[in-house]
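Below, chain A partners chain B and then partners chain C, in two separate complexes.
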Partner chain A sequence: MLRIYQRLWQVNWAEQWQYRANLVMYLLFWLVSPVVYLAVWTTIARTQGTVSGLTPNDFVTYYMTLLIIDQFTSEITIHIFAYKITDGTLAGELIRPMHPMLTNTLVNNVAFKTLTLMALLPIWGVLWLLFQPNFSAVTWQGILLAIPAVIIGFAISFLLGAALVCVAFWTTRVWALVEFYSALAALFSGQFVPLQLMPGVVQQVARYLPFQFYKYFPIELVLGGLSPQQIVTGYAMGIFWLVVALFLFLWAWRNGLKQFSAVGA
Partner chain B sequence: MTLPHDDAILVENLTKTYQVSEREGGFAAAVRSFFKRKYRDVHAVQQVGFHIQPGEVVGFLGPNGAGKTTTLKMLSGLLHPSQGTARVLGFTPWELKPEYLRSMTLVMGQRSRLSWDIPAADSFLLNQAIYRIPDNDYKQTLAELDDLLELEPIMRKPVRNLSLGERMKVELAAGLLHRPRVLFLDEPTIGLDITAQARIRGFLQEYNRRTGATILLTSHYMADVTALCERVIIIHEGRLKYDGGLSELSHRIAPFKLIGVAISDTAAYDLGKYGTPVTNAEDADKSYIQVQAADVTSVTARLLADLPIHDISISDPPIEEVIELAFHG
Partner chain C sequence: MQSLRLIRVILKINIQTSLAYRADMVVNILLNLMWVGWELLGLSIIFSNTATLGGWGPAELIALLGVFHMVNAMMAGMLWPGTEKFNASVRDGSLDYTLLLPANSQFLVSFSSITIWRAWDLVLAFILVVVGIRMGGDTTTPLSILSFLALAVSGAVVIYSLWVVLIAFTFWFTKFDNNVTILQALLDSGRYPATIYPSWLRIIVTFIVPIAVATTVPLQALRGDLSGWNVLLFIGIGFASFIVAAQVWKAGVHRYSGASS
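And then the complex of A and B:
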């Protein structure tokens, strides 16, 4: 089994390098929104002193941490898998004795993210010089506490993304749904603003949704912004959603395959 | 596990019905279909049944849209049937059991299963891991495949840079590295030139002889079928029409030959009185008639005597049309 992942890694890694231009585009797309929010919020905080108690440095450290965490927790399954269902290329992968999603697609995600992370680091360095963040609140304990959260966050986003892609088995127009999902995720994950700036209701709702695991929860763990009780309930919610996402994916996959018509294959 | 005398492939009452949404052209119809979809059932495969013994090479024939590929997809496990059963090597294909997937292969001439961005050699190594092929077996099989298909010069180039014939070779090799006991081949020689077709054919024969693998193949080229298969199964409009020896089938179709004639002014002559006029899409320059094999000589003589012919040809009807003619209705 390990050998499969090792060989898949070699193949996917080699393939990713073939698409360097594509990679740069994705990276820019990824960078634009956090960097814009970073610039906007620090400017506002600077003119007002604070925004709801958050200082300009709070915003800088939040978004700079977000840029890194996002690399770990995000997934690109929809971009690499939906077309395989709609145009039937999935057929070739289905009849190999390995799970197309949990092996090839997973490794493909990881290979892609490793490359984008490598490309992100110098940009991150430039942002550091520009915004001079003060990361003194970050502790080793905070980072250690965040590692499992990042792993759970990626697992949830990967499985939910994979389940969502399975919708393509029923309809070729899966993209509209994905757009909606991305919008929800952006709102409730803390992408637009740190969740504590959201209206009370939104914060309440976000606490019960899986999306805070993509960004807000691990970021706040790194930055040491959560109380012990918040950490415990946060993790409990994360594990709950991990299980839900797993079953959701397995259900969608099994039933989706029955619909698969291997068009054109 | 199956016993030696069991069928390698057993198909009973296999049926696949697709639901296809359809609508009239135009804006109003588009709006209507948004709210209320009309569905039409397409009966791709209807109650097909056959048995294939281990080691048999069977040609699976039928015109376009007959249900050949749908059947192959069900037998390889890609599609769930609407009804009926199939057992291949004792497995139900669409359960996609890894054990089953490791003992069969599906090679589609129209579709690449290899990654285009990397050399085939890398995909082979990946397949070795996926199919859990021990190192020694892998080396031995690859050496054999290299011997039969001359892979060495082409397997280190990215697949996208290979010619069609070269690509087909590496596709076949990739599909056979795990030494499958059952091969489903959908148009394995499509688009290849005569030499490449002959090579692939020779290879399949040799592979079958060496490994005793069961092969079910579809092809548009009658030469593939005559070279490889003693038995053919024909389906038409989703239904089984013929299952038996190739020689008996040619008896049923041998009575026909096609005579093609090139005349300057076709409209001026009535070819109908020499035989049944037919169209031949592959050669629009000639007019074709179909005649009984026994009458070919006399009809040809009459044609040459009566008409200002500047070119004439006599050929077997294309397999697609033979099947269409022999089994229509």
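And then the complex of A and C:
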């Protein structure tokens, strides 16, 4: 089993290296929106001193941490898998004695992230010089506490993303659904605004949804913004959603595969 | 006259093709509505925490959102769909067929692929701008509205010209697939006034990839932040960039050798 992953890693790593130029452009996309929102909120915080207790530096550290966490927890399954269901090429992979999603696609995701992370680091350094953040609130304990949260966050987003792609077994196309999902994620993950600035209702709802584990929860763990009780309930909710996402995916995969007609193959 | 007739024919063809995917169109419009709702929610979150954003009020940011949607509709509805086809046509030589037609090639390439449902984005843009101006109340005068409209158009022309130059580079480099990504990537910055950005970002979105010229600048005219000379200057920039783009395009077409023949 380990040998399979090792070989898949070599293949996918080499494959990702082919698209180095694309990668820079992809990162540009990724960077602009957090930097814009960073500018928006630091402007507000600077004119007022604080926004609901958050200082300009809090916003800078929040969005700069978000850039890194986002690299870890995001997934690209829709881009690398949905078309295989649509055009039937998945048939070739189904013959192999391994799970197409949990091996090849997973490793491809990880290879892509590793590469984007490598490309992000120098850019992040430049942003550091430009924004001069003060990360003194970050402790080693905070970072260690955040590592499992980041892994749970990626596991949830990967499994939910994969389950969503499985809908293509029934409907052939899933882009609209995925866009709807990413809009929900954008709203409830804390991507554009730290969740504590959201209206009370949205905050309440966000606490019970899986999206906060993509960004807000790990970010706040790193920055040390959560009380011990919040950390415990957060982790409990994270593990709950991990289990739910796993079963959702397994169910969608098993039943979806029965619908698969291998169009064109 | 001929170009108007051409546009009518192109629109007709595009409407016919997109009517084959009616459900897709409805879903796309609904998703678009959802994103606008999201953007307005974002604004309401911002203004529940502050009265002004760097001196800009809610009415102005709604109008800015409208201008942003106008630029977005132009890019996503007209420019992006044609780009990929154009890049491929330079590589495989099928641009021959466009060049052989008795019409301006830049015109044909620009307007040949139009995503019809994006017209909805224009309607939305119009509504947002009108609502924004109405909410602004007394601060706007007929003159400021007029210069706002003029600058919105000339800003869109600047972006369009940059697009023409970027895709014309394909004539020289042949394989240049990411030619317009930089425009797409920085588009997001148009939702908020460039005046609040840190200076390096402001310089990028004003001078290098002038998204701000098409979004923030018209709004500044509406607020009366720009002097008459400034308004004329930006209109002049619009004209100049269009002329430069047309020249670059011509030079590019001269270089084109037709890969297949």
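Just so we're on the same page, the second predicted complex is superposed on the first by the 265 of 265 C-alpha atoms of A that agree within 3 Å, B and C clash if a C-alpha of one lies under 4 Å from a C-alpha of the other, contacts with A are read in each partner's own complex, and residues count from 1 in each chain.
The rule is simple: a contact is a pair of C-beta atoms (placed from the backbone, for glycine too) under 8 Å apart; a residue touches a chain by one contact, two chains touch by 3 or more.
In this text the structure is predicted, and so the values were computed from the model without any measurement.
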Could you say whether A:137 touches chain B, chain C, both of them, or neither, answering first, second, both or neither?
neither
Please work out whether A:118 is in contact with chain B alone, chain C alone, both, or neither, and reply first, second, both or neither.
neither
Classify the contacts of A:147 with the two partner chains as first (chain B alone), second (chain C alone), both, or neither.
neither
Let me test your reading of the model: by the given contact rule, A:180 touches which partner, first (chain B), second (chain C), both or neither?
second
Please work out whether A:28 is in contact with chain B alone, chain C alone, both, or neither, and reply first, second, both or neither.
second
So which positions on chain A get touched by both chain B and chain C?
none
Any idea which chain C residues touch chain A in the complex?
24, 27-28, 31, 34-35, 38, 41-42, 45-46, 48-50, 52-54, 178, 181-182, 184-186, 188-189, 191-192, 196-198, 200-201
With touch defined as at the start, can you tell me which chain A residues reach chain C in the complex?
21-22, 25, 28-29, 31-33, 35-36, 39-40, 43-44, 47-48, 51-52, 130-131, 176, 179-180, 183, 186-187, 192-193, 197-199
Residues of chain B defined as touching chain A within the complex:
18, 73, 76-80, 96, 98-99, 101-102, 104, 106, 108, 111-113, 115, 117-118, 122-123, 125-131
Chain B partner, complex, touching residues on chain A are 3-4, 6-8, 10-11, 14-15, 18, 88-89, 91-92, 94-98, 257-258, 260-262, 264-265
